[in-house]
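Right after this note come the structures.
Presented sequentially are two complexes of chain A, the first with chain B as partner and the second with chain C.
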Partner chain A sequence: MSHENATPDTQPWNDPKAVPFLQVKNVTKKFGTFTAVSDVSLDVYKGEIFCLLGGSGCGKSTLLRMLSGFEDVTSGQIIIDGQDQAGVAPYARQTNMMFQSYALFPHMTVEKNIAYGLKRDGLPRDEVAVRVSEMISLVQLDKFANRKPHQLSGGQQQRVALARSLVKKPKLLMLDEPLGALDKKLREETQFELMEIQENLGVTFVVVTHDQEEAMTLSSRIGVMTDGQIVQTGTPHEIYEYPANRFVADFIGSVNIFEGRIVEDEVDYVVVQSRETNTDIFVAHGVSGTVGQKVAIAVRPEKMTISKDPLPDMRNVIKGTIAEVAYMGNRSVYQVQLESGKRVRVAHPNRTRRGAHTLTWEDEVYVGWAGQAGVVVSQ
Partner chain B sequence: MNRAPDIESKLPAGQFIGRILNRFGFRGRGLVIAIPTLWLLVFFLIPFLVVAKISLSEAAIARPPYLPIWEWSDGFLSFSFNFGNYMFLFEDPLYLSAYMESVKIAGVATIIALLLGYPMAYLIARSAPNTRNLLLMLVILPFWTSFLLRVYAWIGFLKSNGIINNFLMSMGVIDEPFVMLQTDFAVYVGIVYTYLPFMILPLYANLVKLDPSYLEAASDLGARPIVSFFTVTLPLSMSGIIAGCMLVFIPAVGEFVVPALLGGPDTLMIGSILWNEFFSNRDWPIASAVAIVMLFVLVVPIMLLRRAQAAEQEAAS
Partner chain C sequence: MRGPSTFLKVMGLVGFIFLYAPIISLVVYSFNESKLVTVWGGFSTKWYVELFRDPQILEAAWVSLKIAFISATLAIIIGTVASFVLIRFKKFRSKALLSMMITAPLVMPEVIIGLSLLLLFVAMENLIGWPSGRGMLTIIIAHATFGSAYAAVVIQSRLVDMDLSIEEAALDLGAKPLRVFFDITLPIIAPALMSGWLLSFTLSLDDLVIASFVSGPGASTLPMVIFSKVRLGVSPDVNALATIIIGIVSLGIIVAALQMNRGKKNG
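What follows is the complex of A and B.
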């Protein structure tokens, strides 16, 4: 499903004629009886940053390792640039990988680590030297070229690992939790550097991460994984605004979920009756369901409005008491206790200095949201 | 320091030793260092000094068969050092060539042990944990039998009417027995056989720690398995190689039993010379000088071993 205007240039996945650069077809990986990756299908187009997002142990690394050739597929097919990768050894693949542990060679200097891949291709010495020093400048490690990995900080090691995997100009670069070891601030800076490098070199990236913010920032598209399966693929916007199911809604950002039954089912809206709200919830999009069916409605906290006054122009309004206030600087997050006992999270931007203090604990408030704000998600 | 009383009250023997050590001012950390220090002092440094002392004395027909190097006379302590034993070692070419021969035999045996031991250690480190323990057991198993017995067993294999020759002749491969026993070949077989576990164990300990992701990274960057072996595995196992080589080389230089039992009359190793000087000639001072010089021959490899062990410890931390 697409909610944006398809422009084939920037969104090749919406162009039926575009040929994916990487095709994963019904790939399954079993370790003994344990299924780590289950029937995953995936298309990644040239120049994309595709993020595999999922919790720890959901099979992200395993999928990546199959793309690199370190694990055989139990069933299914992987095609890179039109070539079936079955039986192609890792050293013969046109892909490179940045390892979750970096796996920098401890006995080699930064320079030698980066040169390693080029030497294996048998490039002449002077060309190796030129490309290595270019790459060292790109990742700003000029001062550290002669150090060994253990003499570098985590952030510097991460840059070496990136440089080493990029220097061969692979068609496809796989990055396994590339920024996992960095602290938050450095991570944000590096995310933008990574995007810049990717744009300049025109390499296709497949990035594994468990950090949804990182995925949202970096990627052209995200594949959300759980239990070895991809549950939704889409642009960050699609994933955030139209989560395919409750897991995705919950995993990406914070969300309020209301459970209920459909009482009115029309082409362009549904009304859901929920015990949790005491009032019916209006959702301004149609669903493929029937009256009486159990559904869940997801509403993002920042799409709700909170006020002491009734909210006459909101399609959905519920009453409650403020149970918790969290002041986060740019916004405040309120937990509002409804009469049913359910708590709802509402995020309110702090536009003025005193805005944060007008609402406080125990205040009786109205929480409202527009008909377009909620989405029906499958369980 | 405050824990020590609990331990003492639970362990009567510990209490006793602990009290004695406490009296000498050892507590906690000091104790941990004191015990190995004491051990080395009693079993290494003191015997070394005794041998050094004897090497500087003069041989005599007496009991013990050497003259003391210091004497009290008229209330003065007078020393008489005799460096003649050392001079003698350098004058007689026999000793020099025996040292050279020992270093050569030990060196060649070490290289053979490395070439045999490395693949074995590699295989053990790469096998599944269960198999690994079994294979390690098999490496250590020979130590459960007396070393002397095992060398005698090799005589049974190598002699002219021994197992190997009988087998080859019965197969019709050869008409006359190979002369293997009492040759340098037999000495190499014996030394390599004896010291192979000392090569395998440190190599194994090193290789088993090798992070497989380095090999994956090498492979990812385009290295075939043989190339990643020479560019990654081998350099990263260098401290294990040095440790293993030194653990074979150092005792092999002074090896006495193997050349005595398997070697021929012209196998000249310094260990046999030492034995002869000590027991046949009863020349304790010369024998001691031979031993002290051998120690200096081994100083370089011992330093190498220490550096390899330090590197290993650094890598582990």
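What follows is the complex of A and C.
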């Protein structure tokens, strides 16, 4: 995309010469008459953490299961490291998977769980022991090596599952909702641990998640999925700031959407007339549309300013009354009722201790945002 | 919390007496000196000595144990295969029918099972000459048939609960399907296999009706011998035998309960 400074080293997807490590080509999966994955194409490069993000039932897990060989593709092709995976059984693939339920072997100790994959490869016993103990210390489970899974906490089980999937040094590691069962604090810690491990080992990760925060922190790139299709692929920044359509804008973070028609269409800006605001909306980027076309404009709550005084610096200003206030500590989120009846969410950072209390219910306020803040999205 | 009311205590006691009075009287009378079952003639262990001098009963007990062991083992194998077909295979046309047929012996009267098996064995002998005559083999087959129905029910419930992704994880780590079965699936369903086996074993030891239908000369199980003895009048050595069986069963239950308790503490 044009708004990123392409550096081929860290962004191989912007380098036309780079060969993708994992190629998914027009893959479709049908269960009877139901299409779970529909014509998905995807390139993932070596060393990436690629997140498939979507709600439940969007086909992301099915796609992952096809990558690891648990489901056949109905049509299309999956190529890993130059090898077509058609007809390759799960046990013959150079990939490993960390399951959502962790799927630890309940009758084996932590040590044996981790060693299982290496033993199946027929490695000599002393090498297995060395690699297992390396892995155990990497995930900091040294004290628990002889425990069984049910004697561990959720976070510890999760680390065993991770260790077990990493110990074979797979070319491609797939993680299905890896942090789903952890509480918020542990999640954040583990996220960074995961990224560190990924950097140290240089494994390519494909992560499936429904949690947008997890996807944003972890990934080099995100593929947003809905109804069996990838609707947008891009870096977290691209996905957040330049959502391709309304679904993506709505799914990632919270957003205010204004519907309207283009009344002025120039190379570097558009003006949109909307019934939901009593003023026209100015958007400081060109679109490939025509005058009269119906569009939606997405504005993130944190890019809006709220004030009791008129906002002369802002390109777009609307009047309204505060309907709801949610105090979140680091910021407050206001729901402002506009004259048209539409409500917009405005996030306001609480920079001073008293700041949160200056605006309150029923206050008449001005909501404003700069021309660059809004983005036109397709319906 | 208040303790149970007097009414509940009394009812509980009545229930226990109802269940265990016959067994206790049996145990007590097995130590009876007198030959008359209803008259107490003082403490004695002579019926136990008598019992071990009776070759017929010892022979029958040995036959019963052999039949129970082999048929329970067969039942577990058949039950496991049937459970896998029913739980793991995708929907196939006759799945409901198979599922019904597998559990039919649970509800079918024993007389009918026995009779139909007898007719089958006779017809088979006429047609293909196997099984030639009736005896231990036919009882084993018959017991394996209805034992596998019970085993299938027990194993199915365990298989349903098992997380499929555990097997997938093993596949993913490089184990071939057969290896996965022996390394992962079998250990996980082992408790169900064990209880299914014990159930089939007990049912086989206990069975009188089916065995009477399909047995032939020279193959009398313990229940058959006891039943024929009692028809000629209850002799005290049967009491002694029953007491020994109760002792063994109780011991088994206590050991199993202790094992389970230990399992729970670990869990």
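A few comments on the model shown:
Note that in this section the second predicted complex is superposed on the first by the 378 of 379 C-alpha atoms of A that agree within 3 Å, B and C clash if a C-alpha of one lies under 4 Å from a C-alpha of the other, contacts with A are read in each partner's own complex, and residues count from 1 in each chain.
FYI, contacts are C-beta pairs under 8 Å (C-beta built on N, C-alpha and C of every residue); 3 or more make two chains touch, one makes a residue touch a chain.
Keep in mind the model is a prediction, meaning the values are calculated, not measured.
If you put the two complexes together on chain A, you find that chain B and chain C bump into each other.
Once the two complexes are overlaid on the shared chain, A:313 sits clear of chain B and of chain C alike.
Once chain A of one complex is fitted onto chain A of the other, the partner contacts of A:68 extend to both chain B and chain C.
When the shared chain is aligned, chain B and chain C each come close enough to touch A:121.
With both structures placed on the common chain, the touch criterion links A:266 to neither chain B nor chain C. Once the two complexes are overlaid on the shared chain, A:362 sits clear of chain B and of chain C alike. The interface of chain A with chain B overlaps its interface with chain C at residues 68, 70, 89-91, 93, 95-97, 99, 101, 103-107, 116-117, 120-121, 164-165, 168. Within the complex formed with chain A, the chain B residues making contact are 211, 213-214, 216-224, 227, 231-232, 235-236, 315. The part of chain C that touches chain A in the complex is made up of residues 163, 165-166, 168-177, 179, 183-184, 187-188, 266-267.
Of all residues in chain A, only 68-70, 89-91, 93, 95-97, 99, 101, 103-107, 116-117, 120-121, 164-165, 168 touch chain B in the complex they form. Residue ranges on chain A touching chain C, taken from their complex, read 68, 70, 89-93, 95-97, 99-101, 103-107, 116-117, 120-121, 148, 150-151, 164-165, 168.
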